[in-house]
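Starting off with a structure, shown below.
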């Protein structure tokens, strides 16, 4: 499989659209667990990315640059917890894309592994802390084992998204420990962690984007 | 909730614009980054820079506390969201006078990451030494054994004040950090929430409490607290808050403290004075000496209803710093 | 509405108790009358005494404005009710230093009668000369031809400041009265209400507005205003308020003013800064120079939501008094 | 007719009780026109008078003293607009009672005339200003003309209360002009002025008190 720079930009555009649609839901989750702003934060960040996509990045064909600019732009626009996390993801992932205008399955695998490892390093959260790591760590493990077996990125990523979804769902049963939602009580039980949800949605958007790129 | 704003996505920009226009002799917005403000007066060579910041929505914190005897710069985030590294870094560069900069901020995942990245960049890009003190005064936010996980709330005022005064007195970076860390170690806050606030962008209440309910330990951003229950008379609420503080940090008879009774936004000064009355009764009964008191809305959560009590133990060094004068737009002390 | 109080009939007593305990170096409660507070420091012989007061519920007004450069004494009424003559009289006796006392208070029927009776008694019983300046800054409360009927609201801060500074500079009673009267004549305020407050004793909202409504000219005690309508963006609201002020009191390009954007209780500083931003735009477009700005909750109506804009025209004399330092528990200026 | 000091105290007690019962209604009127505290203010003032009635005034037989203490106590407890007004009423009225432990119809008439004249002088409001004067001025005129004709205080006071009630009702149709309710708009139309209501209630309570004293 081959993914072009334009398709990466379509992916980012799709995230922009998806986040606008899910903004209220993400805020709702964060109101239950934290300070209620996760949807707002994601929206501000992705709108800023959108401006870049329509501006500086319009002609850009270097996938590495696209990913770096996405990370930097997101971070400068939002700060917050997810700013450094997602920004680190895109900036670390960029190494796998550097200088490339077309990406192989291997590149994509390397990108997502670096993306997730970067977030883990930045946030130092562990599985069970009720954060996006509960979505991303199973995704990482699934990617490593499935891509290794098949070398078929698309089918491997189908499993990744399934694992991510299971991980996201698992946060319902965990007490909050990190971020502005970290606290003592048990009231966090029953609600999905907002970052676990948004990171799942990003992975899922990537899957649907490359699927329709394949079809086209 | 009704708000006197223009555009929900522009509130922070317009707030800063208004603020800087109102106090041009006190603060200045950096051209390098519009979310970074520093004192209008250049600080003196060799002075350790004091940088504060965090999410917006806590005004007068943090922008109100830039000035003589307090902070030299502030980085302003979106509402309830840490600022990104850029404004922190730009302010750091401007307020560094060769002796380094201390970052004082609340212990939230976002702030830890963003200020942490900025500190790294300041060192890497400009060779500026940065010391950091994370405020962890909120007793309700984690058990004592995990004090380092606690959030920072109203007590940040005292930590900033200690750092600001120490820097003003010419302490070096290590000493300013030591003093600020001590102030944080000696500071405890317990709060109660009554009514929610709402983010301008969602308009939705940050939490829901029944007409006769209160919540002990509710966070400064509407994070769930440790106990919901029927609204109690002010004295009983204060008894509970002070009890939890003193259990966590015992204070002996004869010791000195500073007290802050802080309103979260829509709680009236009248209620805060009534609460302070009880704090004073409890402390004086225990023989604890109130060295200085602060009653008012020093750190808010938009228009949230509720209040907190902060107690800082004072040794001689901290007492002198609490008495140190300050001249900021939103806080002046002679 | 939920309040952090103990007993609705004791709120004023307990508020005063807490307030005095919080600021023992600043204020002192008179043994002769517990509703009379004076500066902790004795004022100097020959200084004209400045006495303020009115109903409670406007904190930090009026109790917060006792101190160097402002008032020497304050008489505290029940919530939204003028104090009776007794505390006014007792405070008058204590702060008179042989040169008489000025009363600065808002133009409300109750205050006029109670302060008026106290002034008579001060003269009859103790031979103390009393001058009175009634604050009438609320443009919405009566048409221009009946300016003397207007109510006093946030602008009282500037009138008190002028009187306090003049007295501090050693002006005699006639001159202090002249200055305060000039400050009042040069001061206009227009306000907007968004959400009601409730008296602790009734718990009932003082007025009802729909979720998207605002009311222009709403009084500081919830008195009906001059116009209800849909909530407008902050800039439009400010345009309206400033327009009404400047129509009532035209100000020429090149003239100097002091500006106060005042929150009524639950309106956030963020909103006030956003409003100030617009005030500054309008005035600077007209070439009017903002000499000094005040943004915050200087005179509240319990937890009411809303804000007001006050503009005071400054000649050289008034400008100097606005710049005069002050040191009160709730307001310090260097 | 003869009214004793004890009966005057019963009257004052009855006002205390009446005000507690009407407190919410008086606040409600004041919320519509002013700052919503008239019931609270009256209650605070009359509760203070009640303490005196149960304390210092318990044995007092000088009706003048009773009236003076009532006025002073009310004023010290409330301030507000009605403090000086009602206090002046009781203190001026006291002159008609001075040194007397038993009161004739003439004394009562003099009391109420001085009471109302005192309030008029203190507040300088006029009929049509939408204040208690709209209740009290017609009451005054009725008392002067009816007592003059009949010399029968009780029947004259029946007419006084009727005139007062009509005066009170008339405030519904007037725009507010005085007190914390003074303003421009027309929203005050349709609501009775709170002070007009409370002053009517006081007159009415006086009537029912002397009526039952007559019967007893």
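Chains: A, B, C and D, in written order; residue numbering restarts at 1 for each.
In this text, contacts are C-beta pairs under 8 Å (C-beta built on N, C-alpha and C of every residue); 3 or more make two chains touch, one makes a residue touch a chain.
Remember, it's a predicted structure, so these values are computed and weren't measured experimentally.
Enquirer: Taking each chain's centre as the mean of its CA atoms, how far is subunit B from subunit C in angstrom?
Expert: So the centre of subunit B lies 29 Å away from the centre of subunit C.
Enquirer: For subunit A versus subunit C, what separation do you get between their C-alpha means, in angstrom?
Expert: Each chain reduced to its C-alpha mean, subunit A and subunit C end up 54 Å apart.
Enquirer: Calculate how many whole Å lie between the centre of subunit C and the centre of subunit D, each centre taken as the average of the chain's C-alpha atoms.
Expert: So the centroids are 32 Å from each other.
Enquirer: Enumerate the residues of subunit B that touch no fewer than two other chains.
Expert: Correct list: empty.
Enquirer: So with touch defined the way it is at the top, what topology do the chains form here? Options are line, ring, star, complete, other.
Expert: Per interface graph, the chains form a line.
Enquirer: When you check every pair of chains, which ones turn out to touch?
Expert: Taking the chains two at a time, the touching pairs are A-B, B-C, C-D.
Enquirer: Per the contact definition, I'd like the list of subunit D residues that touch subunit C in the complex.
Expert: Listed in rising order, the residues of subunit D that touch subunit C are 24, 27-28, 31-37, 39-41, 43-44, 75-85, 122-123, 178-185, 187-188.
Enquirer: List the residues on subunit C that touch subunit B in their complex, please.
Expert: Residue list for subunit C touching subunit B: 2-7, 11, 14-19, 21-23, 56-57, 59-60, 64, 192, 194-195, 211-212, 214, 231, 233-235, 237, 261, 265-278, 280, 293, 295-297, 300, 302-303, 305-307, 327, 330, 332-334.
Enquirer: Across the complex, what residues on subunit B touch subunit A?
Expert: 9, 55, 77-86, 108-110, 113-114, 117, 140-143, 149, 151, 199, 201-202, 204, 206-207, 217, 219, 221-227
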